[in-house]
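Chain IDs A, B, C and D follow the sequence of writing; residue 1 opens each chain.
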Amino acid sequence: MSGSTLGTLFCVTNFGESHGPAIGCVIDGCPPGMQLAEADIQHDLDRRRPGTSRHVTQRNEPDAVEILSGVYEGRTTGTPIALLIRNQDQRSKDYGEIAQQFRPGHADYSYWHKYGLRDPRGGGRSSARLTAPTVAAGAVAKKWLGEKYGTRFRACMAQLGELEIPFESWEHVPRNPFFAPVADVQRYEDYMDALRKAHDSCGARIRVQATGVPAGLGEPLYDKLDADIAKVMMGLNAVKGVEIGAGFASVAQRGSVHGDAITPRGFESNHAGGVLGGISSGQDIEVSLTIKPTSSILTPRPSIDIHGAPVQVVTKGRHDPCVGIRAAPIAEALLALVLMDHALRHRAQCGDVAPVRP
Amino acid sequence: MSGSTLGTLFCVTNFGESHGPAIGCVIDGCPPGMQLAEADIQHDLDRRRPGTSRHVTQRNEPDAVEILSGVYEGRTTGTPIALLIRNQDQRSKDYGEIAQQFRPGHADYSYWHKYGLRDPRGGGRSSARLTAPTVAAGAVAKKWLGEKYGTRFRACMAQLGELEIPFESWEHVPRNPFFAPVADVQRYEDYMDALRKAHDSCGARIRVQATGVPAGLGEPLYDKLDADIAKVMMGLNAVKGVEIGAGFASVAQRGSVHGDAITPRGFESNHAGGVLGGISSGQDIEVSLTIKPTSSILTPRPSIDIHGAPVQVVTKGRHDPCVGIRAAPIAEALLALVLMDHALRHRAQCGDVAPVRP
Amino acid sequence: MSGSTLGTLFCVTNFGESHGPAIGCVIDGCPPGMQLAEADIQHDLDRRRPGTSRHVTQRNEPDAVEILSGVYEGRTTGTPIALLIRNQDQRSKDYGEIAQQFRPGHADYSYWHKYGLRDPRGGGRSSARLTAPTVAAGAVAKKWLGEKYGTRFRACMAQLGELEIPFESWEHVPRNPFFAPVADVQRYEDYMDALRKAHDSCGARIRVQATGVPAGLGEPLYDKLDADIAKVMMGLNAVKGVEIGAGFASVAQRGSVHGDAITPRGFESNHAGGVLGGISSGQDIEVSLTIKPTSSILTPRPSIDIHGAPVQVVTKGRHDPCVGIRAAPIAEALLALVLMDHALRHRAQCGDVAPVRP
Amino acid sequence: MSGSTLGTLFCVTNFGESHGPAIGCVIDGCPPGMQLAEADIQHDLDRRRPGTSRHVTQRNEPDAVEILSGVYEGRTTGTPIALLIRNQDQRSKDYGEIAQQFRPGHADYSYWHKYGLRDPRGGGRSSARLTAPTVAAGAVAKKWLGEKYGTRFRACMAQLGELEIPFESWEHVPRNPFFAPVADVQRYEDYMDALRKAHDSCGARIRVQATGVPAGLGEPLYDKLDADIAKVMMGLNAVKGVEIGAGFASVAQRGSVHGDAITPRGFESNHAGGVLGGISSGQDIEVSLTIKPTSSILTPRPSIDIHGAPVQVVTKGRHDPCVGIRAAPIAEALLALVLMDHALRHRAQCGDVAPVRP
């Protein structure tokens, strides 16, 4: 299978480029009979879309989704669900220079070496714009998992550059322009303003969680649940690290601490992050992502052009100074897609699972 | 595809249980014409096998591999290469108790909930013993990549419990029983001895590196090279975190620092870890793994039995007090399998790649 | 992988329903750098589209294709090529009755039992209209194989109902409204007119051929070239039989006759149909398909409704009295898609193949 | 996925060569909890194995199967089931000549062109001996489908060379050395004796049937049930044609005849062969295979050697004069593997199916 399809049974095939006529995806394998309309998908697209605050790219895209197939009289038919999003704010500009140079930290260099040519407009295929179809597909997965098992997904920012963000409450997240679980906004706005003024960018850490996950999902030996979660998260643009549960902290833990004690009422802690031996345990799935600083900055950087000659690259245009800010809904979607696929895979081999016990 | 096959074109199908008659794998898709003999595989199996020092499990397994197919007159024929390793030191003991209880931190609980039954002998399918066939398959991948592109793989321990291990030289690794890149051994032996005396276990961090990697490997949007690396590493027993390049440190980096400058002579740093936009850049691939402390310890832990009644679990038997110690050759093998698969995938779409330039 | 994707490396994901807003496909894995424009695809779509003679359905669809992605400045970039065809002549009518009944010989009954619901408008997903995206994708495969190896595809009608059609010349096919390799048209028009007057339908046999096929394509043991050809052909709407080379005639042949003699100048016959041991031999690929008579006829047939009550079903509307008439370009496309996929698979494992020698 | 794995969810990976140390397979994805022992598999292996009459190859292979994994205390655990069959009667002989020549009608020529080398001993990987692991895996599928849905499989010879075989009763098949559904044996023995005396071989036609098949199996658009059946059947050694239901006869049928009428008591005929729109209808699955005459004959045939020089090839050694004779149990196994895989795929998307109504 080629690389633009995600999933073994709930298969999402993504297409499009940042400045082409349209982006979208085809979802194949969705269970039939679920009520589905554009509005079910649009909500998450709106959470992800650009232009919602001054801290993200100012590109103006309504990201209105059209369902082209797979739904009849408001219900999924079990046939492929094609989702189409027309690009609208592709500014016409001269890409001649950018097409000839490799921006440091960008996919330009590696795409060029792989394919021998590339679509340079707005990053082409490597643009984070292509996470929109992923989010759309994730909304379908979330709906089915929610209705079938009561599974819920949420994500928040846990660190912005050097600023560790305390966890206050999930309730702050929808109102916080940084998806941070805090009431305070000023501290982060000031930080971002200073960064922008310095013509620089910063990284972020995102926490993602799924609750109400049935036990038993995951396919050892190689398609373990945590393996597939790590795959989709690391595959998200700019991610450089993924942790499950205690993650990197587990290096210095003792076995007598890390192994979550079990009682008749359930687990007493969740260092495992909801996955044991690569299979869900019924605990919350807990994932953490590291997102690198945006490579598109106004500060000049040394690089080379396609002929190997040295150049200084400055990336103008509309860019997110911290791509992590809009990553929360994307990370939720990715986690939902993995769980959806594994729910179907589990059902194939082992039969229908019971809903997780509260 | 079911979960015991790794790879899209260089496909490794793993089988076996810790205490069954045999373990092994079938490699399908290996290019024809490569010289291959058992000795090419045995070397890495010997590096991984138990019983090589007092700091790892004392189970005595020669792990002698037999090539059952796919090789004729010393060369691969392009047909499946079946590798067989007979289990020899499965001690007969009573698994009645362990079969009825869930060891905290173990796969017992989740396997039970997934399949409704499990092979409890030595952990059954969830045992780290099943990494042996992975290592064997990895040796085949290493050989082909080495001959074709000059790609080389190496791994070392970077942290043992709380002990950060300074990087002195790769040359120490083969002689160091902890796969540590240092001349000193005593510090780590003392640490492990104290741990064992405390009936406890600890985690580790492993660094893995591939050099001589061709640029252009990786299949966006979803099968990026770093995504597949993260998948196999997180899928390794006990791993809770994976980093590529600067990894978690990139959160607090600035874009002006993180994006590796390019000059006519090559990249000036490697924060990317050899992957840009999910495609190899030709730089060294740099990966770091977090391994949790072994769950099998002599310290009693609260748990439940299969009927939900509370029990205290003590795990006797032969176990690694730090599973990270033997992880270095496994991590190399996993990285080699991912690169091998992507080398073939790249060749399929884009034609033969040129060997990486020195 | 779900069922709407064809191919392992050159992956075509098909979507849409007969009367939904649009149909189309996403091609993932196309080699980069090939010149491609809508016109390259439109030609084959025009050969397949309805309304071209009075012997096929009178539905009026321009089947104009739009390339949504994967092409930049007239060349494929190696990223997914999304192709969109808007449905235009979906007549609004009452599908209430047809939605409640199972037409004999149709997919109604089995779709209902599989999914629990179905889109009844014009056959929904089971309509032969969904062969249009397949033909579009096939045109891309044909172009690449033609440029790379000189491979060419052609198909013709070999039998129409009881009428065996003599093979006169491939040159007649483009001008013959039945895709028959004969100058005569009248005989077949008379036959079809009588059939239509009788409110009935008939079957057909189609011959498909590929020339200029490199030797070495096919992946034993289970993905042999002939196996994959048989799969796509049998998967085409209404096909009930597939032959390769001598096909069913080989039952009564002797081994001394069937086994094609080889000389220094090449093979002396082609009973094998271009495939030996599941791998192409470099000879022409020869395939024959049996297509059943259209189930949609005006003659009343006994059936049941969704509640199990007996009904008499008459299928009105616009239908092909012989679906085989338009099958030739579809069969060519399917053969091209299989060869394309196997060309890439072969290149992955064995390296670039030399063009076939004339 | 490489070509030696069959199935999407019930995955059978086949390995081995005719004269290597062993052949076998790994079944991944088998549902857990089913009772399974070697005896369940051995029965079908014994039906297929050589040496059972003077009309098949005299190679003496017990084909004793060993279960290496995936079964604990007599039940499947859901983990891979590895099956091993040691080759025992590989006669040591000089393969020097055969290794340098291409036998007409054989895989020699195409394997050589694909891989650049081949294992010539007894046909190597292209030998029909590799159907033994397929039969073994099929026995596991048959058992599960039989217990779950009451599905049963049977096959018989329908034509031997020019001799059409009348269908008398399925009861004759187990006692007839040709798997023919007739009491008479003499007619077929005389035919085969004359053939052998003439140093020649003949083809055969095999009928395969599955009863008790649930409605709803099959994954349009490209993985239809009949498509996957055609694939596995055409992929069987020597098969040149596959029909479903009325098959080739449907060309000359009228739509008013072919479309099976439905009544409240069920279908009134089965021209469809149990598949409508690529999905099982609950009727019996009916398949017919054409098997070409064996290419290994004592009559000299013109060919070339690997240097392109003309040679006369005579194939000595132990060979089946009609490979169709032993094909019946293999065809049953292949049909079972397809239905098993589709049963799991259907369950994944649509939930557990009810057993078919009698």
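To be clear about the criterion, contacts are C-beta pairs under 8 Å (C-beta built on N, C-alpha and C of every residue); 3 or more make two chains touch, one makes a residue touch a chain.
Remember, it's a predicted structure, so these values are computed and weren't measured experimentally.
Chains making contact with chain A as well as with chain D: B, C. Following the contact convention of this document, C, D is the list of chains adjacent to both chain A and chain B. The chain pair with more C-beta contacts between its two chains, of B-C and C-D, is C-D. Between chain B and chain D, the centres computed from C-alpha atoms are 38 Å apart.
Inter-chain centre distance (chain B to chain C, centres taken as mean C-alpha positions): 45 Å.
Centroid to centroid, with C-alpha atoms defining each point, chain C and chain D lie 26 Å apart.
Touching two or more other chains at once are residues 1-5, 8-9, 14, 29, 32, 78-79, 114-116, 125, 220, 345, 349-350 of chain D.
Those residues of chain B lying in contact with chain A across their complex are 1-6, 8, 12, 14, 102-111, 113-116, 125-126, 130, 159, 161-162, 199-205, 215-224, 226-235, 237, 239-248, 250-264, 268, 271-273, 275-282, 290-297, 299, 301-304, 308-310, 345-346, 349-350. The part of chain D that touches chain B in the complex is made up of residues 1-5, 8-11, 13-17, 20-24, 26, 28-29, 32-33, 66, 68-70, 72, 75, 77-82, 84, 114-119, 121, 124-125. Partner chain D is touched in their complex by these residues of chain A: 1, 9, 29-32, 78-79, 220, 344-345, 347-352.
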